[in-house]
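Please find the structures below.
Each of the next two complexes has subunit A plus one more chain, namely subunit B in the first and subunit C in the second.
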Partner chain A sequence: MHITHRTEGDVQILTLHGRFDAYEAPQLLGWFNRMLPEGEPRMVVNLGEVPFIDTSGLAALVSGMKQCRQRRGDLRLCCFQQPVRIILELTRMNRAFELFEAEVEAINTPWGQHEHHVR
Partner chain B sequence: MRIALVTTFPPGGGSLNEYAFHVVRSLRQKPEVSEVLLLVDELPAGQSYPPDDETPGLAPLRYRPCWRFETLGNALRIRRMVRQLQPDALLFNIQFASFGRGKLAGALGLAAPLLAKTLGLPVVVLLHNLMDTVDLKSAGFTGNPLVERVIRAAGTLATRLLLRADLVAVTMPKYVELLEGRYGATNAILAPHGAFDEGVLPPTFELPPGPLRILTFGKFGTYKKVDTLIEAFQLLAKRSADPLELVIAGTDSPNTPGYLASVQERYNHVAGLRFTGYVPEEAVAPLFHEAAMVVIPYTSTTGSSGVLHQAGRSGRAVVLPRLGDLADLIAEEGYSGVFFEPENAWSLAEAMAKLIDDPTYRQELAQRNYAAARGLPMSDVVDWYLLHFQTLLHQRAPAPAIAQPDVALAKPQVALTKPQSAQSRK
Partner chain C sequence: MSECDTLHLDMPASLRYLNVVSASIAAFLERCGTPVDHTTIYNTQLAVQEACTNIVRHAYAENAAGRISVCLTLLRMPPRLRVELSDTGRPFDPCAVELPDLDEVQIGGYGLFLIQSLMDEVSYDFQPGCNRLCMVKRLTSDE
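== the complex of A and B ==
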């Protein structure tokens, strides 16, 4: 798997390419630990080129989302191949993340609508 | 968030106590958890739980024994305790016989999540097995077909009771599909089991000194045969400058006594061939650690392989036959290997050569397999439960104007498609 990164306004967009499993998950976790922007991070992770994700991959996304929300930002997911959609549904993480069919929608839907109260 | 956990817990010896220990250890380290309340079973006379633990830096841990194995009133007693403690969320760490092996006590106890839910708090059940998949005879419940039918009917009823919780978490995708397909459940979810050995150092991926060892392991003679492997080893040895050793570890299958002895006799001229015979449990891991690769020489298969998982735990690359959907199956589990055509010595020799000639590739496969075998750390698994609780709490929030404590991670809106049925997932 490899990760490409770009910025649109104040939104960081990560596109993941390839299989996303336990072996690859540390790469994304490392990105979150090193590169998460200051302030209230607004992240979109595009999974359109991910043909397979396992629970370790999903856990890495949860970790990133947790870091964003703890800083009053958010992490959104977009563009899903069927195996990815299935695991999101099986784990019910489709209710925990904000999911969008298209990247443009994930970027442009107003951010900061939600009250994220951090202790 | 104040979380209550209905479970067994050390020093109690009930099933799932060790699992609960690891869950609680992780829960207490989470900043969003302010208190962990253990609704545990009462211990036999003369034993007791330790005092409540208020170690600084961790969420306080309080023991509240409120149920007893094999008694009938457990569900009511648990509900009473939950009402008294008023936690924010309730997690059950259970299996079908958690509250009793006796049919009535066991089934009545499983009504506890339903009763607790009437108090209005989010209730999640982590269910470690399904009655539908338990072999009642080997589990020691009954061998009588009539009694088995009665137990199955009670099991169906108990499953329906459990499904009245907000969420029922199971650790295998096929369990989710079973609950959806057979019970019409819409609240069954997949939750990874989690790994206990978070402090254990990973294996070394370097090779030990000495000849490069190729290992095969199992009970041989039926669909696990070593003849082709030995032929392939000979082909490989001819072209390899470095010394090689083929280690055939294990015994005959009970159905084919004498198989390995006959192989040993037939190939006694082959240099570098070693038969270990029976390998005691404590010697299994060192044997795998000494190997450069593990070959799985099956001629047919019914699913994934215990040898593959052991190779993964030991951080070893594997060579596998291209059989049925084995490649897809192991890929779904996160494993990788080099494949060969079954019963084709040239193909197998070529597959093994790939790993010998390219140590970087061999190490990558070894690390990939180790990552797959290690599983998700319990700390990550606990994050998932907290996220589910926070989502459930958020759904219960009365109005957006009121700031809800402890819902930092809850997502207030849902997108994506309607969940699919088990059938459409296939």
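== the complex of A and C ==
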């Protein structure tokens, strides 16, 4: 897997390319630890090119979301393929994340605050 | 069932090679002689991936040189795939682990829940020196 990053306004967009599993998850965790912007991070993670994700990949996304929300920002997911949707629904993470079909929608929908409790 | 319908893999217990197991499952099912839909293949890959990850992280937590034996067997009437994972690490019964509270958003702890949700049968057996996890998935084309 590799990660590409770009910025639109105050929104950081990460696009993940390839299999996102237990071996690859530390790469995204490392990105969050090193690169998460100051202030209230607004992140969009585009999963359109992720054909496979396991619970370690999911955990990395939850960790990123948690870090963003602790700083009054958020992490949104967009463009997921059907397998990604399956794992989100089975774990009910589809209720924890803000999910968008299109990246432009994820970027431009007004950003609110979340009070989700994350263990 | 014949020996022709069984595939054995012996792999290092490393997260690095889990993609090989997934690819093997897909390739095996592609030639199994019965149409299998993508969701069934994916769900099987995901469950096996989670089980192997648990072996690497828990059974072999203190043994980086451990190995995982994977045995894929095609069963007939009705068509099913049996996946048997064996390791020689610390005994770890995935069936005895408490399932996550899905009303809470938590960072981890979903792997075993997914295995039990995605596979039709899950059983665990420990003999001295060998853990064996057996999972069975019905092969359908209309899920």
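Brief remarks on what is shown
Operating definition for what follows: the second predicted complex is superposed on the first by the 112 of 119 C-alpha atoms of A that agree within 3 Å, B and C clash if a C-alpha of one lies under 4 Å from a C-alpha of the other, contacts with A are read in each partner's own complex, and residues count from 1 in each chain.
Criterion: contacts are C-beta pairs under 8 Å (C-beta built on N, C-alpha and C of every residue); 3 or more make two chains touch, one makes a residue touch a chain.
Values in this document were obtained by computation on a predicted structure and should not be read as measured data.
Partners subunit B and subunit C clash in the overlay (superposition on subunit A). In the superposition on chain A, contact of A:V104 is made with neither subunit B nor subunit C. Counting residues of subunit A touched by each partner, subunit B versus subunit C, the larger count belongs to B. By the touch criterion defined above, A:D21 reaches both subunit B and subunit C.
Of the two partner chains, subunit B and subunit C are each touched by A:D54. Contact with subunit B, but none with subunit C, is seen for A:R69 once the two complexes are overlaid on the shared chain. Using the contact criterion defined above for the overlaid structures, shared-chain residue A:L90 touches subunit B and also reaches subunit C.
Among the options 37-45, 253-261, 325-333 or 397-405, the segment of subunit B that ends up inside subunit C in the superposed model is 325-333. Within subunit A, the residues touching subunit B in one complex and subunit C in the other are 21-23, 52, 54-56, 59, 62-63, 66, 86-87, 90-93, 96, 116-119. Every residue of subunit A that touches subunit C in the complex is listed here, in rising order: 19, 21-23, 52, 54-56, 58-59, 62-63, 66, 82-83, 86-87, 90-93, 96, 116-119. Put simply, subunit C touches subunit A in their complex at residues 15-16, 18-19, 22, 39, 42-43, 45-46, 49-50, 53, 56, 100, 102-108, 110-111, 113-114, 117-118.
By the touch criterion stated above, subunit A contacts subunit B in their complex at residues 21-23, 25, 52, 54-56, 59, 62-63, 65-66, 69-70, 80, 85-101, 113-119.
On subunit B, the positions that touch subunit A within their shared complex are 31-32, 167, 173, 176, 189-192, 331-332, 334, 367-368, 371-372, 374-376, 380, 383-384, 387-388, 391, 400, 403-417, 419-420, 425.
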